[in-house]
Amino acid sequence: QEKTEFRVAWSIYVGWMPWGYLDDSGIMDKWAEKYGIDVEIVQINDYVESINQYTAGAFDGVTATNMDTLSIPSGGGVDTTALIVGDFSNGNDAVILKGEGGLADLAGKPVNLVELSVSHYLLARALDSAGLSEADLAGVINTSDADMIAAYATDDVQAVVTWNPLVSAIMEEPGANKLFDSSDIPGEIIDLMVVNTETLAANPDFGKALVGAWYEVMGLMAAGDEAVLTEMAEASGTDLDGYKSQLASTQMFYDPAEAVAFTQGAELPSTMVTVAEFLFDKGILGEGAPSADFVGISYPDGSTTGDANNVTFRFDTTYMQMAADGAL
Amino acid sequence: MSFVTVDNVFQSYGTRPILERVSVEVKEGEFISIVGASGCGKSTFLRLLLAQETPSRGEIRVAGQPPAREPGLDRGVVFQKYSVFPHMTVRENVVAGESLRRPWGRFFGKEKVEARKRADETLARIGLDHVADAYPATLSGGMQQRLAIGQALAARPRILLLDEPFGALDPGTRLSMHDFLQDLRRDTGMTVFMVTHDLSEGFKLGDRVLVFDKPRWDPHDPNAYGATITYDFDARNGGIPYQTIEEDTHVLRPA
Amino acid sequence: MSFVTVDNVFQSYGTRPILERVSVEVKEGEFISIVGASGCGKSTFLRLLLAQETPSRGEIRVAGQPPAREPGLDRGVVFQKYSVFPHMTVRENVVAGESLRRPWGRFFGKEKVEARKRADETLARIGLDHVADAYPATLSGGMQQRLAIGQALAARPRILLLDEPFGALDPGTRLSMHDFLQDLRRDTGMTVFMVTHDLSEGFKLGDRVLVFDKPRWDPHDPNAYGATITYDFDARNGGIPYQTIEEDTHVLRPA
Amino acid sequence: MRWINRRPGAALAAFLALVPFALALAAYMIGSDMRLAVNPSDKLLPAPSSIVDTALRLFTEPDRRSGRILLWHDTLASLQRLALGVGISAGLATAFGLLIGLLPHVRATLAGFVGVLSMIPPLAVLPILFIVFGLGELSKVVLIVIGILPFLIRDLSQRVLEIPREMIVKAETLGASTSVIALRVALPQLMPRLLQAVRLSLGPAWLFLIAAEAIASDQGLGYRIFLVRRYLAMDVILTYVAWITLLAVIMDLALRALSRRAFRWTETAL
Amino acid sequence: MRWINRRPGAALAAFLALVPFALALAAYMIGSDMRLAVNPSDKLLPAPSSIVDTALRLFTEPDRRSGRILLWHDTLASLQRLALGVGISAGLATAFGLLIGLLPHVRATLAGFVGVLSMIPPLAVLPILFIVFGLGELSKVVLIVIGILPFLIRDLSQRVLEIPREMIVKAETLGASTSVIALRVALPQLMPRLLQAVRLSLGPAWLFLIAAEAIASDQGLGYRIFLVRRYLAMDVILTYVAWITLLAVIMDLALRALSRRAFRWTETAL
């Protein structure tokens, strides 16, 4: 239904820091005013909680990865549209071993990671590439991201999978050995701004305002505006250099046209199928899910993967295209 | 004419009988002392008089009214402990004797001023005017009990029930409390029931002394039977019956 | 020859004097009753005798020994409450009278069997053999105090201190406890100090009755001075001094 | 008659006791119905029937991957940690409670320190715990200990101080040394209070257990709840929460029964 | 002389009280030195001097972005939530405590329910709380309330039940109705217990506040700790922990002083 007040949640992560900036700087308000609506941007510390809140209907949009969008809101029957494809991880996520060795040496070792997260997915892909499976490990130990660095410092921990800024902090420790990172599977871990499909359909202005504000900040970042970057760096708890190094391993789509091209690319459907299979294998798609194809995903060209009668995850380039065309 | 009528009252807790066949008639204005061995049911009898409990059988009527179902304004009470409100000053405690019956439990405005004046008169009479603004905890045991009696009287009950009111006081204080109580009685002519452990106290103050004891006794099960009134002495004639009783005190000894 | 010597003892709490210039000599085997108004320092005096507290000035010697610094085996004590161990059975309480001085507080093996036998004898003597395996909480007040005294005696102290041992008992039980205590004394010939609120009890049991009171009195500050021994009666001659004393009881009345 | 003097009969009391539970259930069912009407695959408030299905499955069906029934496995792991944490705390608290309560020197030394320790929010110092105690079982047990020990020590030392001085003096006159007083007089009287304090601290103990399991673990009730939160499996979460609540209630009742059994001497006369 | 009878003098007592703090500090300094010797940029146990530097900075230097001194800002936000949560709980607990303690019918209805509620681990139902109460200030306050209210209700209703029956009977004989008994007799006597119960529940209240702020917030002491925990900025964390501890100690002392002031009637005679 139509409305004029919207709430969007975001959590702290390299590629999502612009959401904090466009709220603080007033850019969001400017764009919202332009379309005669009101958008509240809410920062939530706990990433999973932000997605849960969105799924429960407390927010109209949320920042999430492609994988978590598929498993939580889409798996939970909330029809969700990927409004903005902001970046993909290009080294931001990594498998790190304490000491010398390669992927094969993970066999028989416990691995600490946030279970069922993109880290878990990355590990599965890494093991795949080395011809191993999770069963070859001594186990995966669910470890909160907030405590990953402290955990790494203990003797119990031999290998971790995690994301930035934790990766850069851990790599500073002597002996940290990066075995595999997301640059080895480019384009598979995608950071999105997803919104409720019905809300978006009823309120196109909401989509326009969000996209417009986002790409204004993208422009500033692309231009290397240090004041902007510094503010983002500090909001994420690090400094300019730290933030820049994180950005280096993030494939940001500063230009909406690039995002459109990526979303329309032929790789995306096969990536999503791999992700769905991973989720099904872990039992995340729920007990009602008879197969990995339970949830349908549609793509900009109208094609779908999974159950075409149960499409709840839509990649839609309409609004990014408008930004690319300067039509906002 | 009988003012308080106790008619064939039984009381048990669970299956255990405490009181059996208790019947007694009391005239208005009489002072009844109640004595008996520890645990024989004296306090229970007082609770029944107070209507705090309902007897298992039989009934208790006051002034011919139907039996009361809960404690109320017509019966005042003073226990050995906890008979004044610790969070109120001495004066507030006396005012509470009149004000608690009000919807908010308080007086307001002019009424309040008047109630305080009446309270101060009562305090002067019971000799507590010099500590009117103190809290009860700072008073000696004797002063606390004096206050408790003053507070109970401020509500103008028709019957006053006292459960070992002087049990925790030392002998000197006790004697002065006797004088105090006798004076008050002279002034008000109230009907009083007083439980005491001290026979001489009972005879000194009472018009009648009721002795509670178990008339039947099962040596294998001491709790099989309840107590009843085994003696009802006329005690008006000073200390004389006390001498007579002395020979009978074995009924007061615990088995 | 003096067995217990109290020599010019003062005791204050903070700046408040409780006892002043207390001196008294007691022969071995004497029974000393101590009376006085509530709060005048009777229990304090007993604590000093017990060496639970050290006097601010003066000293207390027993059998010519240097003043004790803490309670020990030579002084037994019974308080009004809390004088038996609630978590031990009646028999264990009596055994504890002998065993607590051991390194582990227990007897083992043969010693244990013997101690139990001795305890059962004591229990028979104090009339508690039928409840040997009960816990104190299930006993009446009188039986608890009898046990407390039995336990104290099991340790064979040279002096026995009693602080209102019968204060919480009803008159019947009290009388039988008097008999009990008098029997015990005849058997053991112990030196006893007993604080009581009941003058007649003091005179009945004691060889001497010490009266504590404040000899000086400041009407503006009732706490300015401490109490001392104002009378030291010879009470051996039955109840006769009691009659004499009656006229003096005003010293026992609280101000 | 005043309401204060009216007592419900046994039948009415039983009925009244059920009312709030029935109301809570009804409120849940209405909420769940409303959400499911809008989105039939809503995960937030699953229908009671589907919770029951899930619960049955969790309690009986082995996990596909490991072949173990995870719920029992998690329960065992958590109870073990809880028992260890609470047991160690109770032991330490008894020792420290006796020392602080009985010995003025120890009291002067430790009372203030324990008071300040009890004010430190344990969750905030987790990283240090990890380093010192590792990430294994030990750190979870230690978090529980750190979480409840200061409270237990404060409570128990207070209880020791409340033992009537008369009783300790009596023991002294029977020749008891400090250690005999501690072992034979104070300790037995402390035991019922210990059970009571343990009952009180089980709530916080569960809390810290869940927090510890949420942070680094591969089994346990708290682990599972926080894991399935990742896909909002409220049916699983609710089952686990109900199960934890049931366990907590059972433990509480068991401790109460134990306390009545073991310490008959605390019962007063008829 | 037995140790049980030996008392330290005032000077010795003061010294002894400092000993454990000094030992703790020394242990920290040694640990820190050891780690820093191996890795000079170790973050886990920063040198005390660098903690002091950080603390000074946190307390005095405004944040560049917002121009506010974050620590004061966080403190204000957290204290507000804490005060609201504890205040609301205290109010509700007083009302329910009076009702449950005085009225047999309410007791029959609610006592069991509150008992079961108090066994539910609040952290496990966090997601539901956030959905029902939103993510604003309300949900943080509500988590505190849910965390401590059942305990407070149980404690206070117990205290009401402990009011000597004699006193209530006395009020009845003075003609007091149920509501007058509640307001004029039970309530004033409950107040000192309420303050005491609030003191006891401040610890859990802090815990829940920190947990709530860790999940959804953009200011507050707990938020900051969790934010910087990702970078293991132990200097900041330790400063915040020390600050929280100090605040908790001050609150505890203040409540104790208030209780002594406000309820002079609880003091016994000289």
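Chains: A, B, C, D and E, in written order; residue numbering restarts at 1 for each.
In this text, a residue touches a chain if its C-beta (ideal position, glycine included) is under 8 Å from a C-beta of that chain, and two chains touch if they have at least 3 such contacts.
From a predicted model like this one, the values you see are computed outputs, not experimental measurements.
> Find out how few touching-chain steps suffice to connect chain C with chain E.
1
> In degrees and to the nearest 5, what turn takes the CA positions of chain D onto those of chain E?
That rotation is 180 degrees, given to the nearest 5.
> Which chain's mean C-alpha position is the greatest distance from chain C's?
Taking each chain's C-alpha mean as its centre, the farthest from chain C is A.
> What whole-number Å value describes the gap between the mean CA coordinates of chain A and chain B?
80
> Which whole number of Å gives the spacing of the CA centres of chain C and chain D?
About 46 Å, centre to centre.
> Would you kindly tell me how far, in whole Å, the mean C-alpha position of chain D lies from that of chain A?
It comes to 38 Å between the two C-alpha centres.
> With chain centres defined as C-alpha means, what is the inter-centre distance between chain A and chain C in Å?
Each chain reduced to its C-alpha mean, chain A and chain C end up 82 Å apart.
> Please set out, as single numbers or ranges, the residues of chain B touching at least two other chains.
70, 140
> Two-or-more-chain contact residues of chain E, please, as numbers and ranges.
In chain E, 2, 44, 127, 131, 172, 177, 229, 232, 270 touch at least two other chains.
> Got the chain A residues that touch at least 2 other chains?
Residues 52, 56, 146-147, 149-150, 153 of chain A touch two or more partner chains.
> Taking the top-of-page definition of touch, could you list the pairs of chains it picks out?
Once each pair is checked, the touching ones are A-D, A-E, B-C, B-D, B-E, C-D, C-E, D-E.
> Give every residue of chain E touching chain D within the complex, in rising order.
2-4, 6-8, 12-13, 16-17, 19-21, 24, 44-45, 102-105, 108-113, 115-116, 118-125, 127-128, 131, 151, 168, 172, 177-178, 181, 203-204, 206-207, 210-211, 222, 225, 229, 232, 234, 237, 240-241, 244-245, 248-249, 252
> Chain D touches which residues of chain C in the complex?
Interface residues on the chain C side: 50, 52, 70-73, 75-77, 79, 81-88, 96-97, 100-106, 135-140, 151-152, 155, 157.
> Which residues of chain E touch chain B in their complex?
Chain E reaches chain B through residues 164, 166-167, 169-177, 179-180, 183-185, 188-189, 263-270.
> Using the touch definition up top, name the residues of chain B that touch chain D in the complex.
69-70, 223
> Per the contact definition, I'd like the list of chain C residues that touch chain B in the complex.
The touching residues are 37-39, 140-142, 170-173, 175-176, 197-199, 249, 252-254.
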